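In the two complexes below, chain A is the common chain; its partner is chain B in one and chain C in the other.
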Partner chain A sequence: MRLPPGVSRSDFSAAIAEFEKVVGSQWVFTSDEDLDLYRDAYSPFLNEPEERMASAAVAPSATEEVQRIVRIANRYRVPLYAISTGKNLGYGGSAPAYSGCVVLDLKRMNRIIEVNEANAFALLEPGVSYFDLYRYIQDRKLKVWIDCPDPGWGSVVGNAIDRGGGYTAANYRNHFDSHCGMEVVLPSGELLRTGMGAIPKAETWQQYKSGCGPWIDGIFSQSNYGIVTKMGFWLMPQPEAYMRCTVSLPRYRDLAPMVETLNYLENSRITAGFPDIASPLIGYPPIGQIQLWNEDGPPHMTDEHRKLLTAVDLGYSRELEEYGLKSQIPYWQLWLSFHGPMEVIEAQWQATQRHFARIEGAKFNTVDRVSVPLDPANIEHFHEPEFGIPSLRAFSIGARTPWNPTPSKGHMWFSPIIPRTGAAIIEANRVFSRAARDLGMPLFRSFTLPACFWERSFIFILATPVTEDPETNKRYREGFKKLIEIGGQQGWGEYRTAPVFQKSVMDVYSFNNHALQRFHETLKDAIDPNGVLSPGRYDIWPRHLRGKPS
Partner chain B sequence: MGLLGRGSLAQDPQTFAAGRAVYTKWCAPCHDPGVTHPGTHALTVKYQGAKPGVLLERKDLSVNTVRVIVRHGISVMPQFRKTEISDQELDALAAYLARNTPSN
Partner chain C sequence: MDRREFCLAGAVMATSFAAARGLAASPILLDVVIFDSRFSVACNFGAAACRKGQKTLAIQGDVTALWRDDLRLRWATGAAAIGGMTTERSLFCLEQLAKDHWLRVKSRRNVLLNEQLVSWVIGGVDA
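Then we have the complex of A and B:
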């Protein structure tokens, strides 16, 4: 039997026996074989002593069972680590942040409590995946869209509380922002409802977010202050039509005005679909089309073009720009999408073109103009998540393809938030490309364009592979930590990260001698005095484990 | 185990349906036909025509191979926990995917 650190064999055996009384022995796992299923499949410590391992796993099917398990954990001081569907691959998967925790596997709590079409919201348990919710909506022919990230098997609740993002309209893409109301089991075992849910008879739990008084939902995201057992989400009414258009710009210097114009249009809600920045001239695809490059291969490039690319600095050379102008290959291409009644989105696209036309040489193209729902035969033509359709297509990243003969074992996402300016894109490339070269980190391309999941900021997202070779993984891990530190010196910090990097990332958020972290610890001590819930998650440790190497 | 000699379970219509349901829920998004399914694309490239890239067309999958890969993962495919695919569901899935395989 594996043991949590500091827990005696007899106490642990007693706790396990009590867990079995709550959920039934078939839902308590203690054998090595079963616990290996809780390893992080993309762990950068794969097969090394530091790889995070569970001591047991327990899988409740209802909130009341979660409460009982938490009370037992307190009694025996057994640390728990809550997961939803456990598919947070690239950000920690189903493994605990602290080895020896009992994983509280909420996958069986998979009830879709309500999907309300009239006011476009849903109330869900944490085991519900995007696939589950999508099927539920399709089976009932409800006219609402979900907003999903690329991997469709993830938890709607879990992704939101890890503050993930998606691809539809701006006010739904930020999954935490689009939630409304939570039910939380506190580390004491007590049950709490937030927002209007705190009024016993309220019918507005999923209709008004903050209720009255301090709005505390944020502290239950990327943290260890409670176990979210229900969570509400605002859904997007199914739009009548969808249009996808491009703005193509010919010169390197057009990057800054492109971003500035995009910001104005998006902040004014003239365009609200997922904006996707590409560079046909540099050979950088829009995020929404990476899977097409993996499936069909990258677009053809002449030898002359390829040769010019070997001599660019920060994505630029005069010769490359001249080649682009001569060959009519845009330096930058902004993909924009619009959802709504056709006459409305046509007008939005017209206004968008008028604004971008101020940049000399701007060209416009309407790539797709379709009514919704899509013809099922047509779905694969699109990046499904941009239609709120979950898929696993994105796993072509790292998988074997004709263009990637050596598949990886997984990946970890380096994803700092940078300002939404053209200058910041170039500066991030300058800083990180030099650092990556020095550190021997494999950045996929010589110039990186950021992701526009969020309004108001960019995520400068880079995938770093996980391999089966410990030496290589060690170099990438250490390089990853160094990139975090270098980014922090510029004022850039990750929006989310895997447990093995959470300390490095939180160290960057250091204003006033780490006042934020100290506040997190004050909360932890007050809410979870025994430190039983998810110790170490986002580097928030209970008092008795603080200052120890994780 | 002797439990799953070729086809014994898969020939049972209930098990066949259960196996197909597990396949549809958990495997199809990556392993259905076509390059838009990364598992299929990867296996097609790996086998270079020696074997089909589509799992449902395979005639050499043993019950044990399916079990091992589902519980251990391979390449970017993660392992699956018992709260996702129970042992019973895995038996049905394995029997379903091995239905065309001569005695294994």
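Then we have the complex of A and C:
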């Protein structure tokens, strides 16, 4: 039997026996074969002694069982690590941040408590996956969309708590922002509801977020202050139509006005669909086309074009730009999507074109103009998540194809937030490409474009491969930490990261001698004095483990 | 392609059934055999399984439809062992989905005739 650090065999055995009384022995897992299921499939410590491992797992089916388990954990000082479905691959998976924790696996709590079509919201337990919710809505022919990440096999609650993002309209893409109301089991075992849920009999729990007084929902995301057992989400009314268009711009210098114009249009909600920045001239695809590029190969490129690309600096050379102008290959291409009644989105697209037309040489194209729901026979032509349809196709990104002959064994996402300006894109490429080259990291090898999941900032989401070679993985881990530090020196910080890197990331958030970190610890001490809940998650350690290696 | 069509197609395929014989020899009773129909070796594998009376299902890399229309329902009603010949990436997806039902990869073999492919069995701890 694996033991949590600092817990005696007799205490752990007693705790396990009590867990079994709560959930039934078939839902408590202690064998190596079962616990292997909780390893992080993309662990940066793949097959190394430092890989984070669970000592046991327990899978309750109801909130009341979670409360009882937490109370038992307090009694025996057994650390728990709560997961929803553990599918956040690249950000830690189902493995605990602190080796030896008992994984509190909530995937059996998979009830869809309500989907309200008239008010467009859902109330869910943490074991509900995007596939589950999508199927529930389709089976009942409800006219609401979900917003799902890529791939869509994870937990709706878990992804929101981890602050993930999706691909539909702006006010739904940020999954934490689109939540409304939580039920939380505190580390004491007490049950709490946030927002209007704190009023018994309230019918507005999923309609008004903050209630009255301090709005505390944020402290239960990327943290270890409570276990979310129910969570509300605002859903998008099914649009009547969808239109996808491109704005193509010919010159390198157009990047800055392109971003400025996009910001104005997005912040005014003239365009609200997922914006996707590409560079046909540099050969950088939009996110929505990566799947097709991987399956069918990238667009044809002449030898002259390819040769010119070897001599660019930060994505630019005068010769490349001239080649693009001569060959009518845009330097930048912005993919925009619109959802709504056709007459409305046509008008939005008209206004969008008028604003971009101020940039000399801008060209416009309507790529798709379809009624919703889509004909299922045509769905494969689209990036499904942009229609709120969960899919696993993204995993062919890592598959072996003629264009990807040596797929990796996994990846660690390097995902810094940078300002939403063209200048910041270029500066981030300058800083990170130099650093990555010096560190031997396989990132920023060519000019890299950010993603636009969030409305007000850019984010780079870059995969650092996990290999089968421990020495390479070690080099990549160290390089990854160095990139975090270098980004921090520029004022850029990760939005989310795997446990291995959570200390490095949180160290960057250092204003006023790490006042934020100290506040996190003050909260931890007050809320979880025994330190039983997810110790180390986002570098928030209980007092007795602070400063010790994890 | 449904099972009937598949069996008819399989009857005229070249014979390279070593891996399928391996599955048949496995002590694990398989509910369904998955194969990637983009690869002839995998088609042969599926054909051999079909001839032995096993239910077969074809994929083309992506396992979304397989999961949505079959495995999700199959596994929700109780643990069921499955086998197959697919790319490693398809197996990876199935492995992650199987974890939701406390199922795991019980065996995995590289396919000598096509290095992109693996043959495998997923089952429960006691399977």
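As a convention for this text, the second predicted complex is superposed on the first by the 548 of 550 C-alpha atoms of A that agree within 3 Å, B and C clash if a C-alpha of one lies under 4 Å from a C-alpha of the other, contacts with A are read in each partner's own complex, and residues count from 1 in each chain.
Here, a residue touches a chain if its C-beta (ideal position, glycine included) is under 8 Å from a C-beta of that chain, and two chains touch if they have at least 3 such contacts.
Source: prediction; values computed, not measured.
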| item | value |
| --- | --- |
| Partners on chain A (chain B, chain C) - clash or fit | clash |
| Touching partner for A:Glu304 - first (chain B), second (chain C), both, neither | neither |
| Contacts of A:Asp296 with chain B and chain C, given as first, second, both or neither | first |
| If touched residues of chain A are counted for chain B and for chain C, the larger one | B |
| Partner chain(s) touched by A:Glu114 [first = chain B, second = chain C, both, neither] | neither |
| Which of chain B and chain C A:Phe131 touches, first, second, both or neither | both |
| Which superposed partner A:Tyr42 touches (first chain B, second chain C, both, neither) | first |
| First, second, both or neither for A:Ser31, with chain B first and chain C second | second |
| Footprint overlap on chain A, comparing chain B with chain C | 29, 33-34, 36-37, 41, 85-87, 89, 94, 107, 131, 153, 295, 391-393, 395-396, 398-400, 407 |
| Interfacial residue positions of chain A with respect to chain B in the complex | 27, 29, 33-34, 36-39, 41-42, 57, 59, 85-87, 89, 93-94, 105, 107-108, 127, 131, 152-153, 291, 294-296, 380, 391-393, 395-402, 405, 407-411 |
| List of chain A residues in touch with chain C within their complex | 29, 31, 33-34, 36-37, 41, 85-87, 89, 94, 107, 129, 131, 135, 151, 153, 295, 390-393, 395-396, 398-400, 407 |
| Contacting residues of chain C [partner chain A, same complex] | 61-64, 67-68, 72, 87-90, 92-93, 95-97, 99-100, 102, 104, 116, 125 |
| Residue numbers on chain B that touch chain A, as the complex places them | 25, 29-30, 34-39, 41-42, 45-46, 71-73, 75-84 |
